[in-house]
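Each of the next two complexes has chain A plus one more chain, namely chain B in the first and chain C in the second.
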Partner chain A sequence: MKYAYFPGCSLHSMAAEYDHSVLEMCGRLGIEMNEIPDWNCCGASSAHSTNHLLSLAIPARNLSIAEEQGLDVVAPCAACYQRLVTVQHETRHDVKIKEKVNKVLGDRSYEAKNDVKSILDVLVDYGIDNLAAKVEKPLQGLKVASYYGCYLVKPPKICHVDDAENPMIMDKIMTALGAEAVQWPYKTECCGGSLLLSNPDIVLKLGRDILQVATDAGANCIVTPCPLCQPNLDTRQGQINSKYGTDYKMPIFYISQLVAIALGSHKNNMKLHKHLIDPTELLKVI
Partner chain B sequence: MSIVNLSEIAERNAGFAAQVLEESGEDVRRCYQCGKCSAGCPVAFAMDYRPNRIIRMIQLGMREDLLNSRSIWLCGTCSTCTARCPRDVDLCRINDTLRVMAYREGIKSKVKNEVLMHDLFMKFILKYGRIYELGLALGMYMALPMNGIKDAGMGIELMAKGKLNLLPHKIKGAKELQQIAEAVKRLEAEE
Partner chain C sequence: MVVAAQHPNITLLTYAEVEEVSGYIGNFEVKIKQKARYVDMKKCTGCGLCETKCPTKVASEYDLGLGKRPCIYKPFPQAVPNKPIIDAVNCKKLVEGKCGVCAKVCPTGAVNFEDKDEYITEKVGAIVMATGFDLFDYSKTYGEYGYGELPDVISGLHFERLANASGPTGGKIKRPSDHKIPETVVFIKCVGSRDDVKGKTYCSKACCMYTAKHAMQVLEKIPNSQAYVFYMDVRTPGKMYDEFYNRALNQGAQYLRGRVSKIFQQGDKLIVRGEDTIIGQQIEVAADMVVLATAMIPTHGSDKIAQVVGFSTDKDGWFTEAHPKLRPVETNTGGVYLSGSCQGPKDVPDTVAQASAAAIKVVALLSKDQMATNPRISVVDEAKCHGCLVCKGVCPYKAIDGKVVSERAHGHTIERTVASVNTGLCQGCGACTVACRSGALNLKGFTDEQILAEVDAACL
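Moving on to the complex of A and B:
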């Protein structure tokens, strides 16, 4: 398996441990990731909040470069994935939009021939049974709340998972790794990622709700494929505890960290020291 | 007491709904006000007009109220409303369109911080080709010093853990992105 790799800005700064663990995981699975040369930001929520055509053209530049390589594109960041897959969807379904995008791209062209995939798609393509067969260190003792967040699963016409309300893909992956997949009702609730810098109080409330529901369900950790959700729940946990008088110490993992550990990567190689909530004590159970 | 005929008002002000349809592809006349969008919206509690009212206001042509509302900027674009709508109205996309309209017309939102965040974000993308997280955070803290004070402790921890790059990374294609933005402006001016 071979893909064009779009890390996105978060994976090159706040979420460096996600980037690192995705590449480690893929290396162990024999999945080749070719970073898109000179990739640019996907535009995130700011581009589509201010100009629709620009919000398609900015990420289209990346897809165009990947198309030259003849590869499908993998974007581990849920927000980047949503922006890229939106471009793919709109240009495939609307000829006029495709024309306009190509017009503003100048010398480049984008035919929407390649697919855009999330990190969950990559693991599903690999095969969850095949993944289970490669597990060297089962994650027994981990009670994992699979937190998909919103961008990877919605809107359902564009972001295709098994079920936008109660997705099970990541739960099945966690079970395949030997962990217990705790069932809880907040799998796809929004953490408020896009409001982090402008309205932090809203974000703290949403984070508190998610941590509480996961705790009530008996989870001892949360796993996510989103580099907005992870820092929101991890780095803000102290502020949530101060504001609400709670005492959460919930480790928040990236999916690739847990997959790589189960495949035999050493936990010390997962850059877990970058997390504010230290998961080392919890990982002693496996 | 006077009687207000909402159907008449909606008919008289149908131009706004038509404009929203033209720009977003979404027809608000489909909405039958079940309220599922508001029930599921994670930020409805903080909004001045809840999601189902946004649609009703478009139907009634309440353009100025909506483009000046907090709601359109507080929407976190999670698409839960869209996922659950039994009438297949993509409200998340409509909110995009309302934000774009307000932004284009330079309407100073009551949620100025949101507009500032998008301004800074776009500035960094077009200048460097990638987002400069530390620059974005510092820019926002200058506008919202209280948030800066609250986040100072956490910020120090993040720096200590090497989670934030001190300097921006500029891609070779940054100029290409500026040209794309210029081309978008030209194309829109022609239309």
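Moving on to the complex of A and C:
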């Protein structure tokens, strides 16, 4: 399996551990990731709150480069995924939009022939049974609350996840890795996203609710494929605890970290030091 | 029903299915499958002893699984005839050959395990469809309401059984999970109705009224209870209907205008999260039970019976009336009438009115010796007709059949098949005139020549 890889800004900065673990995981599964040469911003938030055509044309350039290579595109970041899959959906379903996007692209052309995949799609394509067969270190003892966030699942017409209201893909992957997939009702609740910067009180409340419901459901960690959800839940637990008088120490993993560890990568190689809630104690149980 | 069963001119065929319908208005022939009851209706007195002794209990369909019934049972307390049948799928005697308790206790020897399906053929002049409705299965599409996996999220019909004195709880409203009496009950209207993404585009019409009734039942039957009703619009046009809704409000039902986005279990409460669009805020209610007013949909199998009888259904599967305003109780097939919610969502008064209208239409039809029909019907030019009978297949009213004509050709008398239009059945839709390859079929008043003349007049 071979994909064009779109890391986006997060995976090259804040979420470097996500980038690292995705490549580690894919290496172990024999999945080749070719970073799109000269990729540009996906346009998340700033472009689509400014101009619709701009928000389509910016990611279209990335997709057109991958299209030249004849590769499907993998965007591990949920926000990037949604921008890319949106332009693919709109250009496939509306000829006029396609014309406009191509006009903006100038010399380039984008025909929307290649698919856009999330990191969950990559694992589903690989086959959850095949993945289970490759597990070297089962994640026994981990009670994982799978947290999908919003970008990967909504709107359901565009995103490919199995079910927008109660997605199960990540839960099945966690079960395949030997972990216990805790069932909880907050899989797709809002983490507050970029409100962290403009209105942190909202993010603290949303984060508190998510951590509390996961705790009530019996989870000892949360796994997410989104580099917005991960820092919102991970880095704010101290503030949540002091604001609400709680005592959360819930490790928040990227899915690729847990997959790579289960496939045999050493936990010290997962850049776990970048997490504010130290998961090393928890990982001793496996 | 009891009165109908006792009327000398009414033959009631219950536990039976219509298998085939042939013929046409005034001359239908209907083949009916009388399903095996395993109980002799003549011998049985309906004493009910067998029902109390049957050792096998299964989930009751009438109570929607909330209660149990024996395998020899009357489907519901007021069933007509008030005599039991045996459920052949679950009866131990019929499945494994053991048991037979009902036969032993029956004082009249009415139980007959050898009973077989029988076929009856009846000649009738008219057919009235009254197949009713089912409820939309929200559990397949409404993930936000728990996909039917939250035990205390129930439909309005479940609630009816809970509140009914002959229901599984004897009329005490108890929630299914732990049989506790719910103090806070949330009602959600338009689940599957007016939802073109997950459900149906239409309004199911009866839900606003029955939800108001349910809310009042909660408030009246349960002390210190709270009833919250989430609604999109309150639609209560009808005599004394809005007054009824206002009574629910005055009794304390909290009406909240907005949709519910999510229901989930938290401890023994159901957290109902929604929006109150009037105050413009998100709200959360910790409920003990949630009742969904699910959309009405055509009865399971209604599309099949429409094909068997020979009339059309609309995009949602409701039976199509001949004209939405002027002929609402007739189908386009002569002699076939509609009553009640098989035609579209309806409440009780509307259903009674339409059923009465259908009955009187039949009386009017059967009281006449001759029938006036639409003169603009298809006619076959037998000289042009090749007898391919493509027209027979396209006719939605089964009005075309082949007939053999004899004619002289090259000094011989030959016989050949040509199409023949039944003037009583043809509704003048024109489908056959388009399908006919040799142009032998024409609609009276709209022949090809007449239409071309109109085109000439308009264009030349």
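A few points about this structure:
What we mean here is this: the second predicted complex is superposed on the first by the 286 of 286 C-alpha atoms of A that agree within 3 Å, B and C clash if a C-alpha of one lies under 4 Å from a C-alpha of the other, contacts with A are read in each partner's own complex, and residues count from 1 in each chain.
Just so we're on the same page, a contact is a pair of C-beta atoms (placed from the backbone, for glycine too) under 8 Å apart; a residue touches a chain by one contact, two chains touch by 3 or more.
In this text, all values refer to a predicted model and were calculated from it rather than measured experimentally.
Of the two partner chains, chain B and chain C are each touched by A:E165.
In the superposed model, A:V144 makes contact with neither chain B nor chain C.
When the two complexes are overlaid on their common chain A, residue A:A112 makes contact with neither chain B nor chain C. With both structures placed on the common chain, the touch criterion links A:K154 to chain B but leaves chain C unconnected.
Legend: residue contacts after superposition of the two complexes on their common chain; A:A260 is shown touching neither chain B nor chain C. In the superposed model, A:L276 lies in contact with chain B only, and not with chain C.
After overlaying the two complexes on the shared chain, residue contacts for A:P185 are found with chain C alone; chain B is out of touch. In the superposed model, A:I36 makes contact with neither chain B nor chain C. By the touch criterion stated above, A:L63 is placed in contact with neither chain B nor chain C.
Counting the residues of chain A that each partner touches, chain B and chain C differ, and the larger count belongs to B. In the superposition on chain A, the residues of chain A touched by chain B in one structure and by chain C in the other are 164-165. Residues 23, 42-43, 46, 74, 76-80, 82-84, 90, 92-93, 96-97, 99-100, 103-104, 111, 113-114, 116-118, 121-122, 124-125, 129-131, 133, 136-137, 140, 144, 147, 150-151, 153-154, 157-158, 161-165, 169, 171-174, 176-177, 179-181, 183-184, 187-188 of chain B touch chain A in their complex. Chain contact summary for the complex, chain A toward chain C: residues 163-166, 185, 213, 216. Of all residues in chain A, those touching chain B in their complex are 9-10, 12-14, 16, 38-41, 43-54, 57-58, 61, 100, 103-106, 150-151, 153-156, 164-165, 188-190, 192-195, 197-200, 202, 206, 231, 235-236, 238-239, 273-274, 276.
Every residue of chain C that touches chain A in the complex is listed here, in rising order: 142-144, 147, 262, 264-266, 271.
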